[in-house]
Amino acid sequence: MTAQVNLKVNLGGIEMKNPVTVASGTFGGPEYAPYVDLNRLGAVVVKGTTLEPRQGNPTPRIWETPAGILNCIGLMNPGVEVFLHEHLPFYRQYDVPVIVNIAGNTVEEYGLLAEKLNVEGVAGLEVNISCPNVKKGGMAFGTDPAMVREVVAAVRAATPKPVIVKLSPNVTDIVAIAEAAATAGADALSLINTLLGMAIDIRTRRPALGNVMGGLSGPAIKPVAVRCVWQVAQAVDLPIVGMGGIMTAADALEFILAGATAVAVGTANFVNPRATLDIIEGLEAYCREEGITDIKELIGAAWK
Amino acid sequence: MYLEKGKVRAREERGCGYYWLEIESPAVAAAAVPGQFVHVRVGEKESMDPLLRRPISLARIEREKGRIGLLYRVVGRGTKLLSSVCEGAELDLMGPLGRGFTLVEKGKRVAVIGGGIGAAPLFPLVAELVDRGAEVKFFLGAANHSHLQALQPEKMIRGGELVLATDDGSAGFAGRVTDLVRQEIGPFRPDFFYACGPVPMLRAVQQLMAELSVPGELSLEERMGCGVGACLACVCKVRTAEAPFTYRKVCSDGPVFPAGEVLLD
Amino acid sequence: MTAQVNLKVNLGGIEMKNPVTVASGTFGGPEYAPYVDLNRLGAVVVKGTTLEPRQGNPTPRIWETPAGILNCIGLMNPGVEVFLHEHLPFYRQYDVPVIVNIAGNTVEEYGLLAEKLNVEGVAGLEVNISCPNVKKGGMAFGTDPAMVREVVAAVRAATPKPVIVKLSPNVTDIVAIAEAAATAGADALSLINTLLGMAIDIRTRRPALGNVMGGLSGPAIKPVAVRCVWQVAQAVDLPIVGMGGIMTAADALEFILAGATAVAVGTANFVNPRATLDIIEGLEAYCREEGITDIKELIGAAWK
Amino acid sequence: MYLEKGKVRAREERGCGYYWLEIESPAVAAAAVPGQFVHVRVGEKESMDPLLRRPISLARIEREKGRIGLLYRVVGRGTKLLSSVCEGAELDLMGPLGRGFTLVEKGKRVAVIGGGIGAAPLFPLVAELVDRGAEVKFFLGAANHSHLQALQPEKMIRGGELVLATDDGSAGFAGRVTDLVRQEIGPFRPDFFYACGPVPMLRAVQQLMAELSVPGELSLEERMGCGVGACLACVCKVRTAEAPFTYRKVCSDGPVFPAGEVLLD
């Protein structure tokens, strides 16, 4: 008889039955339900939600790069009201914490969004201050510690729910940004959002993406993401959702060993729609083989 | 929608960079309708490059045999890798995906218009329409005789009338397929049409049919991430009452759209 | 009869017979001579050279990642004196501009290195203010515009030779850094150095590299590199050596179209020792097919 | 040093994850000496993942036939991909690389000591030594009988005396190969030794031979980038007069080093 492995983790107040969630903007809602039982996930993070509906950027919105993809979706979403009335009921059928990713054009908008989302069925908020694909706000909020403090404080003041702040890797010093978020009252951090990148189509001799620059995600960025988690986990005393190129349980373990409490699967969903489940099973198998009874033992084990 | 390991049962090199694969994929075949596609993983299983799946239309649907057919043209790395799979190999497929064609009722006259590899999803459509007792005229254009031969239209459809065009006049009508349609459409007076092919062709068909007030459907292509509607990468523009346009997802709202709604720019 | 294609470019005073050079630290000197005739290259850039010899970091010094590698060589080199007396004579046999990559612990050391290298046979200097693998100096010099100005000014004052400043992508605003280098008298810029990354070996549960963090290079980083070249080329009026994941002529073209005057091949040498020659031939073929008689027409053509 | 497309002429699965490839690679074969290696590209030609080449020792050198042999064990993705190449396939090779073994003069008594897959470069060494008229005793250790069988030492060498050990005692001497060497070395009194295998084995051999004042050479492994001495990734520590140690490149200063110089930590 093999011992049970305890995969439960607590992410700044959100109880997760295992450390595996999905990265905002990569999972939709019902779209992956034919492949993944949502009840098996540690949490679900929904697409970036704004006050008003957004059309997003012109196409092409995606471009394949070596072991990665560039995207410039541009926060296309139906707005928070549609989310509350049409999408949230879908998630309420499941027994899984729902984390809503929010993005504002102004500090006030972040606060407003947080207020509106203070409803049953929303387990927490992920504050996106790191989107490289929008003109107003977006990444700009996430590259200056003072702005980070303002945005996070506004959300903190507007909601009693757990606040997760999502950081951009496109900065000189990610630890300084993380510390600013912590000071302003974040309950957890999630990192990383995409790297700012671009590609040129040599046939047309023009930028490949409709919006010129885009966000790089996928396995290509994993080493940068692991480094960010490693740096922040040692400097800031908040739980971390690690993400960036996680395709397999081995990848997820790198993030956990670097200091992540939970991991989010993004681009991998497009490649393997069962990736989340494969990873949950792989984490359990690893623990079993290594004689680990509680996955929390592994958090930050590479430096502890 | 299934994630299935399809077994390659036949592989044929058709010339001009066209390939044909027959795949045992019972779950996909059982659920599929014409116009849908599969999202195929190409390359070494554990390799992260290339990363994304490739969308390929169902060019044959054999529900009873549990088989599907893919007809594709090598244009880049992914299709090149796909062209080198061997008989017996396993292909990692997601499907059937997307909204297929709306099938007209028995007795209707329909024009089916394909350009080049765009013919792929039209083959099972023609089969299904013929089975349902529609009167089908299939206009098929290609660059030249060799390209037409690679498509093997005679072999791919059973029933329906096939009318061919080549850009260089090496077979059938000399000129673009849309010119052929324009010439023949008057006497045929279709009730409905279906088209798939390059954007300039779709645009010409859309305009012609609007002039003639014939309703129909277009099958579109866009670069895809997920293939299931989750990533919002593959959008196309459609008309709306409120805004100049709105974006719809080719992978899940389409790839087939009512011709009157689509904005092709 | 096909027209001749003019591949010549001028890199801040260095005449190159074609735009293709090698990235510092990835080509050695005589090591690739069995595979590549050095005379065919546009220029050769040598490994980072310091005042004193350096041992470099403990092993493992390299780790494979998806479409990339992490390295933490740590500027292992025999020092500038050995370079001058033992290595430079080797290069003097060839008819190819030799660019020496220099790295100092202090601003003064950069100046001293530039002085010592003001000898015949050295075509120019590449000032490395972006090495992520050394404790003192290294990347720190390249992430603060004020420091960049100091270092570049010191080198500028010490040498009449062309000064190329090599930038780090690990910054919030690479344009600001580039502008600082330009103000201080740089003749050209080279970008990008490696991205700061790391990996964890899940078998040992420890960092995979001997020096914990390392520099990410190879195809994985190409989208970030192209984006940096695109941003800097439009903002700063200096010729650029583009690099980061260039494996093929198509990759090189992306950089040239984004605004690079020359390109450097790094990690690709390890994979395909003939990569530089394949790229030169591929650039020529592309120009011929596209009816371009002078490759300079392509520089920045994606935004011009 | 050549960049050569080697043609796979024979492929053999040896069990326990060991594979044998015979490759037509005339330029490499003509220039090679025992102890050298080839740097092999694995995976799809155009795929960037995996990216780096893999170093594999020459386990057979047939200069006249223009062939080399590789014996390897699947430990990760690269060796797994290499294990799936077919007869007739082309392998992208760089080689021969590195400094091989120093060959002793005729009539000398030599101990050749191998552990597991570390035996690979020792097979052509034994062949060469025997041809030169050295008296060779080849001590070979492996985990167990099946691993030994996968190495096929009897088939791989012609001449020399073969003495086997297995950790679990399922064949030959029961225990580590270094214990076997310690037991037999007294009467044999070698003039020189060569060793290749896991670091703990090398360390034990190095110490034993130092005690007995027998000179020799060790073949080392390190993670490699370029394989030719350009990237400075693959260093090992060697003793020097001036510093506690200095780094040398395994790929170009080695992989074979004088046993007395190497610092194994």
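Side notes on the structure shown:
To keep things simple, chains are lettered A, B, C and D as they appear, and every chain counts its residues starting from 1.
In this section, contacts are C-beta pairs under 8 Å (C-beta built on N, C-alpha and C of every residue); 3 or more make two chains touch, one makes a residue touch a chain.
Because the structure is predicted, anything quoted here is derived from the model rather than measured.
Chains making contact with chain B as well as with chain C: A, D.
Steps from chain A to chain C, taking the shortest chain of touch contacts, total 1. Work out the mean CA point of chain A and of chain B, and you get 36 Å between them. Chain B and chain D have CA centres that are 55 Å apart. For this pair, chain A with chain D, the centres built from the Cα atoms lie 47 Å apart. The multi-chain contact residues of chain B, meaning those touching 2 or more other chains, are 48-50.
Among the residues of chain A, those touching two or more other chains are numbered 66-68, 218-220. If you sketch which chains touch which, every chain touches every other chain without exception. Remark: chain A residues 65-68, 70, 143, 170-172, 195-200, 202, 205-207, 212-214, 216, 218-224, 226-227, 230, 245, 250, 253-254, 257-258, 286, 298, 301-302 touch chain C in the complex. On the side of chain A, the complex with chain D involves touching residues 66-67, 219. Those residues of chain B that touch chain C in the shared complex are 48-49. The residues of chain C lying in touch with chain D in their complex are 25-28, 31-32, 34-35, 47, 55-56, 59-64, 66-69, 71, 73, 76, 218-220, 247, 267, 269-271, 273-274. Residues 1-3, 41, 48-53, 94, 222-236, 243, 246-247, 252 of chain D are the ones touching chain C in the complex.
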